[in-house]
């Protein structure tokens, strides 16, 4: 049985999950929020962004890590540097429990409390729900528009067929990531046989489809020796899948798996002595390195916009401070910082906190992020940024200076993809207000 | 037994509820509260439909969300299929199509599940629920994969009596109408031969067979009808959220409806209504205040199972019986007397739990006990013994007082109940 | 001549290796009051369970009013006009006395699984249930949940449910078990009243009741009927005397 | 061939782990008539207790102590929770365990956090036991098999060679009779519940590090254990054993079959229309649903289960 409460249609009206910057008591805040909600007014001296992600239930750890990242980024990268036209930027958590329907309720709660910006990232289902709801809201309430910043939902259709003027994505989508991975594979002639394994849902299907199409174009000689989809979160023992991969003779595995489905897969591979390399999207953070441990050494590769051993101007310090301040939560999302800085810059440039003006300012923005110059493409609102392929290797204090999540293993860059090279054409036909 | 379904008293209650439901958005203008009321309305229909099985027929189902979810998907697909060809009137009637889908699912699945009652029924519904949920992720063409299926309830520019259903408050009106109609229908069903025989089958299936009824057929019919109303609830949720995801038919949703019905009281028709309102509102209050709300909710549920397995409705019913017998006044001082120690005990427990959360998984993360942390609005040092000892002491005192005064309440309660039943005999 | 109310031929029932009913042949005439007696463990209740299809039998045949009823389910047999009571009270505990009785009359009045008619408007069902309620003397307990009735009242309700549908073949399984003398007398009067003009088959231990009520008596010993005759004849039957060795068949 | 051998090993290992879980559930159900919804939560507790103990004194003491602790917790819950719920009937009991499942999960969140914990396989058991057709068979899996079989033998000995075992065995088939014979049934209930949960705890101790110790681990195995108990037959330990191995092997072998439903039907000469999504599903995709299908089929065609002696 899964936790029966996850789906409880729970609503948190007055969700003040202030982590540590609160000066008033929660109860007083509650009262204020309640009266504001009743009046429906929005007299804030701050710029507030509603963070709508799971804060309870099975994905709560991921949601909480994200929220802490946003708060820290807002504080250090914006508020300590003068804020937004003198106002503070603040992130407030709204618990959607990972449910697309709950997401809509939380959006309503946020709008009621005067929020005009929302951000979300965990789960494309919730992202779809949010993009629909925001579009409809803006259509029905043109004087109170809302803008949606997506920091991690990677379904290509969100900036493709379903693209919206009111949605900006700061993470590379599935296809862009696969483009980068297959570009890398194109040059690695050791790869002969590829096995694709994924979770049996939209994301897994998209990864598999992109991998097949792109490999067919770039490496005609590579043989795809197998393709498996397994139900998400239901497989305990991956040994049979590993046995199958082994039997297929694959030297490379591509997977879009995340969370336990990834950790268990890697552990089972190690147990069975499978030597194939794993190309992954999500091996880098949020507990996966810890769960994989030594079994991932020199076997697991990941594609990210950044990792701890990519040299930066200030993010290294930021990350170390973050890890110290929140023991047990490891800094992972550089794109969160990028997003916070870009949003602040857009507001300052537009000299307005009106969502439409901010959206227009964000379009086509070029920004020197810590991982290199990034560009928000106007045609589909997809951020173009450099990407890194790295392998899980023993921390040595030099090229692998920092380990990941205290495991003694860290990420070693094996290739980087420039912002320009990660670009792909889009199917977006955007309707603009 | 009053021969009229709509006696004057009953008519007043029904009318009052309807009037109250319509009046609420006039007082509470907040869009969020209206969304909330919409959710309550949907859950009322859903949990009442669930109680047709558990409360009225004695069938413990762990897969009721299947009917709800399929109703929602059917409604959404129909909404999208009609597209521009429809109008607000068609949209308003769509939940009926959801009901028909739930009914069809009831015919199909009920045929399999209702062969048995009791534990076997519970497990087979669990299995079928898991199966449908697992399958829903495998057929993205029907269930929309992770993103679900979305649609737009506003069709065209025309309106019916000025309603387009676009604004949430108009949707709320629609939900109230449907919920009211369904509630009346489900209540009426309890007053029909089938409804009564379902009670008989719940109480004693063997005897029901020996007064001429095929218990399998009775269960089957009840599952079908219950599926119909669950499907309507699903259809309403499809219109309300304008998105339906696989989540609507999985085990979580089935678990939720069971909790709601049980907490409200399965032995009474209106129990699930109380449950739907209470569960939702509890989550607002507690969920808004603390990270630990799931824990509090779980403990509350266990408490209800152990202390008031008849749910809130049974507590109300007993008090009402006391009131009518003129005995409520005898108990009132005891209630008041016991309220204080219970509050002390609760305060202590809440303090302990909140301290625990703050120390172990709270704001500053694991092991951050050396910094002053906010707990219940107080700035506390978690590594100092003071707060912990205080909370422990309060809990201890509360426990002792509760046992002492609670014991006296128990004695008075038994005496009063004896008088009550004595009067009846 | 019309066929008997119940005709049993060569009926056998095994539980595993042990044979409980070992070939019973019995005709119950229409309109008679027939008692089945026998020592404990003779299979009397089992015989009832076989007739009413609560248990399947191993071999043999049963006819109800000339119709073969082998393989039918309990509710089907009930619909053919056979109704039974239970040795251990078997009522609808959470329903009121009135509702218990109303449930019992619904099918026979043709309301079946209807969910489009209001119970309250079914005048015939109400009148019939009220009639039975008066007959069994529970008029004052109309709205009391059956579960909290006294034992004797529950036994009366048990009989009430059994006869409410108006079935013309009634099987009563130890209707007076566990009752005091006065209660038994009332129960006998009740049974006599409500089975007027019907076929009654009863299992009973109380010989006073048996000899006071029955037109004919069958004696079941170790799964076989050793005698079927009038009370007077049974009293003098040597085989019966032997089977009941040590027990008196006289009034006590 | 080699694939069959490897899969068989994997299937049996997994099946044995499942048996450890389902044996406790079966015992509890047979004795008390309770379907313990929280059973997998005790499995999770076992893993977390063992993790905590392993951080203090290492893996081996935890192997012994953690299941005992879990059993003690189980016994206390029976004494102060379930026994009370029992007065209100089976539905209340079932709902109690239902609620318990998520209170336990929240408490685990509270105490050990929401992410996975680093519960490691002890060094002594890390590595390959033998290599079969080029695939390593890890020592730890061998160890898991050993513990499972050891537990099976111990359980068998307990049930057939001791007085309490005989009483329990009698209660499996004739619970009323045992009560009538004047045994202290409440205490036996407490023991059985404690014992059953301890078995789940043991499964957690050795399963937690083989897989991942995290708050969702109970939910992940919860429903599969129910399937086993139903398929095997409620109240039948032998049935639970066979069903565990059966489901372990089904899950393992079905992964190997990349043929689609269309192919399956083609084998028996039926051609399915092209293009339907159902037809294109492969057996591998269906693998985790197969146990549920099996359960539904069993419930329809043989409600007492493979080896069960009584219907629920």
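When the chains are written out, they are named A, B, C and D in that same order, and each has its own residue count from 1.
By our rule, a contact is a pair of C-beta atoms (placed from the backbone, for glycine too) under 8 Å apart; a residue touches a chain by one contact, two chains touch by 3 or more.
Keep in mind it's a predicted model, so treat the numbers as computed, not measured.
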item	value
Chain at the geometric heart of the assembly (C-alpha centres)	B
Reference subunit D; chain at largest CA-centroid distance	C
Centre-to-centre distance between subunit D and subunit B (centres being mean Cα positions), rounded to whole Å	31
Gap in Å, rounded to a whole number, between the CA centres of subunit D and subunit A	35
Gap in Å, rounded to a whole number, between the CA centres of subunit C and subunit B	44
Whole-Å gap separating subunit A and subunit C, where each centre is the average of the chain's CA atoms	73
Residue list for subunit D, restricted to those that touch at least two other chains	98, 102, 109, 113-114, 223, 285, 288-289
Sites on subunit A at which at least two other chains make contact	1-5, 200, 231, 234, 328
Contacts with 2+ other chains: residues of subunit C	none
Contact pairs between chains, per stated definition	A-B, A-D, B-C, B-D
For the subunit B and subunit A complex, residues of the former touching the latter	28-33, 35-36, 39, 43, 134, 137-138, 140, 145-148, 150, 152, 166-168, 237, 241-243, 245, 247-248, 250-253, 255-256, 258-259, 279-280, 283-284, 287-289, 291, 293-294, 297-298, 363-368, 374, 376-378
Touching residues on subunit C, where the partner in the complex is subunit B	52, 54, 73-75, 78-79, 83-84, 86, 90-95, 98-99, 102-104, 106-108, 111-122, 126, 143-144, 148, 161, 164-165
Interface residues, subunit B side, partner subunit D - complex	60, 112, 115-116, 118-120, 122-124, 126-128, 130-131, 134-135, 138-139, 141-142, 251, 255, 258, 262, 292, 294-295, 298-299, 301-302, 305-306, 309, 353, 356-357, 360-361, 366
Residues of subunit A that touch subunit B when the two form their complex	1-17, 19-20, 22, 25-28, 30, 37-38, 40, 55-57, 95, 99-101, 104-105, 108-109, 111-113, 123-125, 127-129, 132-133, 136, 140, 155, 157, 200-203, 205, 231-232, 234, 325-329
Contact footprint of subunit D on subunit A as seen in their complex	1-5, 58, 60-61, 64, 200, 226, 228-231, 233-237, 239-241, 243-244, 246-247, 260, 263-264, 267, 271-274, 286-287, 290-291, 293, 328
